[in-house]
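Okay, structure first, notes after.
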Amino acid sequence: MDFASDNSGGASRKILEALVTANAGSTPGYGADDYSLAASRKLAEVFEHDCSVFLVSTGTAANALALSTLTPPWGAVFCHEDAHINDDECGAPEFFTAGAKLVSLKGAQGKISLAALEDAVERFPPGLVKQVQPASLSLSQATECGTLYSLDELQNLTAIARHAGLGVHMDGARFANAIESLNCTPAQMSWKAGVDVLSLGATKDGALACEAVIVFDPARAAELPFRRKRAGHTLSKGRFLGAQMSAWLDDDHWRELARHANSMAARLAMGLTEIPGVRMPWPRQVNEVFTVLPGDIDRALRAAGARYYDWGARGLTAMQAPGADEVFVRLVTSFATTQDDVGQFLKVARSAA
Amino acid sequence: MDFASDNSGGASRKILEALVTANAGSTPGYGADDYSLAASRKLAEVFEHDCSVFLVSTGTAANALALSTLTPPWGAVFCHEDAHINDDECGAPEFFTAGAKLVSLKGAQGKISLAALEDAVERFPPGLVKQVQPASLSLSQATECGTLYSLDELQNLTAIARHAGLGVHMDGARFANAIESLNCTPAQMSWKAGVDVLSLGATKDGALACEAVIVFDPARAAELPFRRKRAGHTLSKGRFLGAQMSAWLDDDHWRELARHANSMAARLAMGLTEIPGVRMPWPRQVNEVFTVLPGDIDRALRAAGARYYDWGARGLTAMQAPGADEVFVRLVTSFATTQDDVGQFLKVARSAA
Amino acid sequence: MDFASDNSGGASRKILEALVTANAGSTPGYGADDYSLAASRKLAEVFEHDCSVFLVSTGTAANALALSTLTPPWGAVFCHEDAHINDDECGAPEFFTAGAKLVSLKGAQGKISLAALEDAVERFPPGLVKQVQPASLSLSQATECGTLYSLDELQNLTAIARHAGLGVHMDGARFANAIESLNCTPAQMSWKAGVDVLSLGATKDGALACEAVIVFDPARAAELPFRRKRAGHTLSKGRFLGAQMSAWLDDDHWRELARHANSMAARLAMGLTEIPGVRMPWPRQVNEVFTVLPGDIDRALRAAGARYYDWGARGLTAMQAPGADEVFVRLVTSFATTQDDVGQFLKVARSAA
Amino acid sequence: MDFASDNSGGASRKILEALVTANAGSTPGYGADDYSLAASRKLAEVFEHDCSVFLVSTGTAANALALSTLTPPWGAVFCHEDAHINDDECGAPEFFTAGAKLVSLKGAQGKISLAALEDAVERFPPGLVKQVQPASLSLSQATECGTLYSLDELQNLTAIARHAGLGVHMDGARFANAIESLNCTPAQMSWKAGVDVLSLGATKDGALACEAVIVFDPARAAELPFRRKRAGHTLSKGRFLGAQMSAWLDDDHWRELARHANSMAARLAMGLTEIPGVRMPWPRQVNEVFTVLPGDIDRALRAAGARYYDWGARGLTAMQAPGADEVFVRLVTSFATTQDDVGQFLKVARSAA
């Protein structure tokens, strides 16, 4: 009953097997191997667009590298105040950009509101030397609240960005879960929606450690080989990243894994909704369930060995905030979550209600 | 016949199996898992010393993180002019230290000479504000020439460093090959020899992608969790690094792999020495053979599909430099090199002589 | 009628004369001259405390250097959202700290509220690796709204900071105006109030270009000679900074200049208050008057050649925001402002009312 | 008898008077004043070329800002091993470029040799990801040895640079002395000689603290307003920089001051040459005399109160190195040096011979 993170599980069997297969023989290093080249090719196909691909081993590296291609040291990155880049990466974007400023924007349920972005663009006019210069917009899809921008919402935000001359980054740590939920193509949720550079995460969706920085306009990628190398993110035995990404994409394996994680979360959410006293501040959309639990249920679950994070009151309005004997928690499912895990969790919760 | 790099091969079977074993079940993320904790414990045992351990996935990251703990932005790192940190990491040390200066020192066969270090220490007196401040000494063991400092040579260099208030870093990308060749303990070649922070490389010696930053005085390691995180080098599924390092250390697997690589290089060197026209500018010591080949032999080997790097004239004196129809090359063996690879290589070379 | 900035005027006659006097003869460079040494000595006397002093030529340099001594690259600086360091220095703190994060705090009239600081301290627990680490608190005295923290308010804020292990910086660009208004000693408003490092501004108060970074615990100043040098802020003919600072301090010249600027602002504020339709969102405290003017008055003043900045709605509550034909403006006086300037301004305003 | 530095003297009377004149009245801040605008205009005239001008208060700032416009964080700056940027600025270029690498080149008498530059260009092929990327060439005119590149030598070096795609920076801390000595126009020694960005120093030549970054292709200057601001080098009372630069240029004042300094050095060199036992390793060209003095003479001069730096053996060949009772020294003259200073110095030296 580990619902702490989609990083709690290991890797999918197929991906692990691909690693073993890729182990044989001798290859060139630093990403010039056939596995890495194949991964790039497959990503171009899946995204229906020419692109430059840079594989790395963490999402933080992918995000920070992506932002550094869009933002000069004196630039502003507009992002949601709860964004992973703002709150969970120990200043990696500031490090990789050599000192850019992340400007926190507000918006309900983890999503930047149009008004907040419009206001920010107005507050940072280009050319006003005393201020940092507007440079990029970073959108998380899915968000830190497990919610999704609709394709229309993405278009509206990126239209403002484009008009203001901002580059657009998408933190796609849960990109696969998002397209499964929105039932759209990878292209629709990325470059067709105005995204310039995507951090595509495989790790949370069944890989060991593999993320791709995807630059849809290869002209913008000229600096990235050097940026990646000097950040220590160019693996010498690059085949092991290439093999993960290739296996992840093959036969829609990535979508299958995400679909499973989403469905486990759906089942969990549905079960919880039926329990008296349990509240959902917003509907589940991907593989994360945010819910306010009565203290009794929380204690029973903890006692039974369930693992998940207390989420404080992040993302909640004042009216939604947990009451005296309530706790707001985040439950995350993954490719490795089983129906049994969910069933057992719900059973304990129901008994304690 | 791939002698291009010790990164050309995959991973050892044992390490791959350990990865598969570690895949099962649910673990905490970010290095708090049992595999990573075990790796730290084993390193402390192997090195016979308390230490703080930080696992990362590349040697460049390990080196740059290590140097950043020893060197302020206005500091000087003394290193050999051909050191990997100076010549092959695209400025990673400068990036991680926020702008320190690498001061190139000379010395035959890739080894910093005592005189060069003494001179550097004199040229950079502490407190002279107009200059960068002397901060650290970085030693590569084995060096970029595949040579080794003797334990006495290490002691002499680190004594100067200590006297000058410098922290000492060792780039141990081929540490295992070095202790096998010197027939000494890990402790003797590290903290007992005056090393403060060691980059211990497993990747070149049979791992997929795993290096350890080992800080022998844990008080000096306080910044490293943050430095590693913001560099994007804290893997979320940390178990996969821990499992590699653990399996690498278990049952002296790391030494066995290095011994094999060294012995393949020894066999290669011995065979080459017997071929007329082939010259060795210095004796082989680890898993790298540097040799001047007559053009005929080089062409025959390339034609037969052998892979290795042309080394220009790096490390050679004017008298040793390759002549009109000669080429200076580097041949690297690894755990994956077979006696057949070596035999076939020598056979082609002999025929062409 | 230039009320745009306290930088609009030149330098005081006494300071200019001191520069001419200091010009004679030959001196050592880089701050080892007698004028600079005297300035340090005088600052120690004026502040009744041992201190390390670093003279520079801009307030941005002073602030950024000060913050860099208190904040590691992965640190958080807590500051008011409208602070000069956050909004008007083009990312200088991020540059000098190598990427620290400025965390914006709220509070009425430019002053950080206790609750906001307490909340921030709670949101950034030390040791939580995924977040930047709490490192420093920066207080502006006077604030960007021309308001002042009382000595008690300073004590309360710095007590929280100290308890949380934060270093305390004060941006004292208008420090002289502040002590004149609070009628306290420099010591009371700095180290006695919990300030570790002070940026003391002379430029806005009658110097040409001179600011001091004052570190009250000299042990904390060890890095500053190097930080200042590599930022290009160590003047070779350092005597010219020393001479400015010395003359500014001599015979309470600095306080006299500030007193004049404050009294001109007081006169301006008093006059404006008596004009129908003019509103003051908060009382004037130093040499800045923030006021909502009816459109007619604003237009008449502009037409008469008055210079001042439109302040948008910064610092105002929704209820205070300027109405349809109103404008919120900032009026700044300085040592160079004359009674005539003020009289003429008020006359035009009255006529237009 | 202060021959320690051209920073030992104060400022020229004309420049000081210009400062007093500029003090009157009210002006816009941050370089938008008439004095600064006039300075830019005059520089364009003097250099016979459109240019973007950025005034700052130190040579270190000018150099570091200039290099940061030409060199990415992963770039290499080729410079002489004794260049001021390499040896005397405490890592400022590394700081402003966010971590670029200064690659030291050799050459007699402080001048980069053609062969050394050709070799460097060959060692750093563009696109080789493991190395820093060739980005810029920095030439000091005059050099740290007080020597000059001829116009032909400049052309030959910048031709290699241009062919290799390098931007060219000139450190012109003693630019005025150089053009006086070469008897050429400012244009001939800058953009006509292939220089892209010039640090033009007025401080050593009679100003208080004033240097200009001159970018000859304004398109390359787009980032500089932000870089200067965030480095704290945009003076709020910018008129004081503008007034210095304007007065320095007016009526060829700058050339007159340099001519005087050069002629004092010429007289000094001539006098020293005639003293038995005194050696000149290379001919004087600007306002610096490098000479090997017998110990007796050195001691007599020190005893008489003369100030100058012991230069070790920097720039000397082994054969030129000072003998047992000799010392190699640098003597610098400036606009403030008098014939009496020189006469008295020579008299003491002659007596001691």
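The chains carry the letters A, B, C and D, assigned in the order they are written, with residues numbered from 1 in each.
Heads up, the rule we're going with is that a contact is a pair of C-beta atoms (placed from the backbone, for glycine too) under 8 Å apart; a residue touches a chain by one contact, two chains touch by 3 or more.
Because the structure is predicted, anything quoted here is derived from the model rather than measured.
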Same or different interface residues for chain A and chain B, judged by whether over half of the residue numbers are used by both?
same
Determine, using the mean of C-alpha atoms as each chain's centre, which chain is farthest from chain B.
C
Roughly how many whole angstrom separate the Cα centroids of chain A and chain C?
41
How many angstrom lie between the centres of chain A and chain B, each centre taken as the mean Cα position?
35
Take the average of all CA coordinates in chain A, do the same for chain D, and state the distance between these two points in whole angstrom.
51
In chain C, which residues are in touch with two or more of the other chains?
73-74, 89-91, 94-95, 98-99, 129-130, 226, 229-230, 234
Footprint of chain D on chain B - complex, ascending:
73-74, 87-91, 94-95, 98-102, 104, 129-132
Across the complex, what residues on chain D touch chain C?
2, 4-5, 7-11, 16, 19-20, 22-29, 56-62, 64-65, 89-92, 94-96, 203-204, 208-209, 226, 229-237, 239-240, 307, 336
Given the complex, residues on chain A that touch chain D span 30, 72-74, 98-99, 129-130, 133, 223, 225-227, 229-230, 234
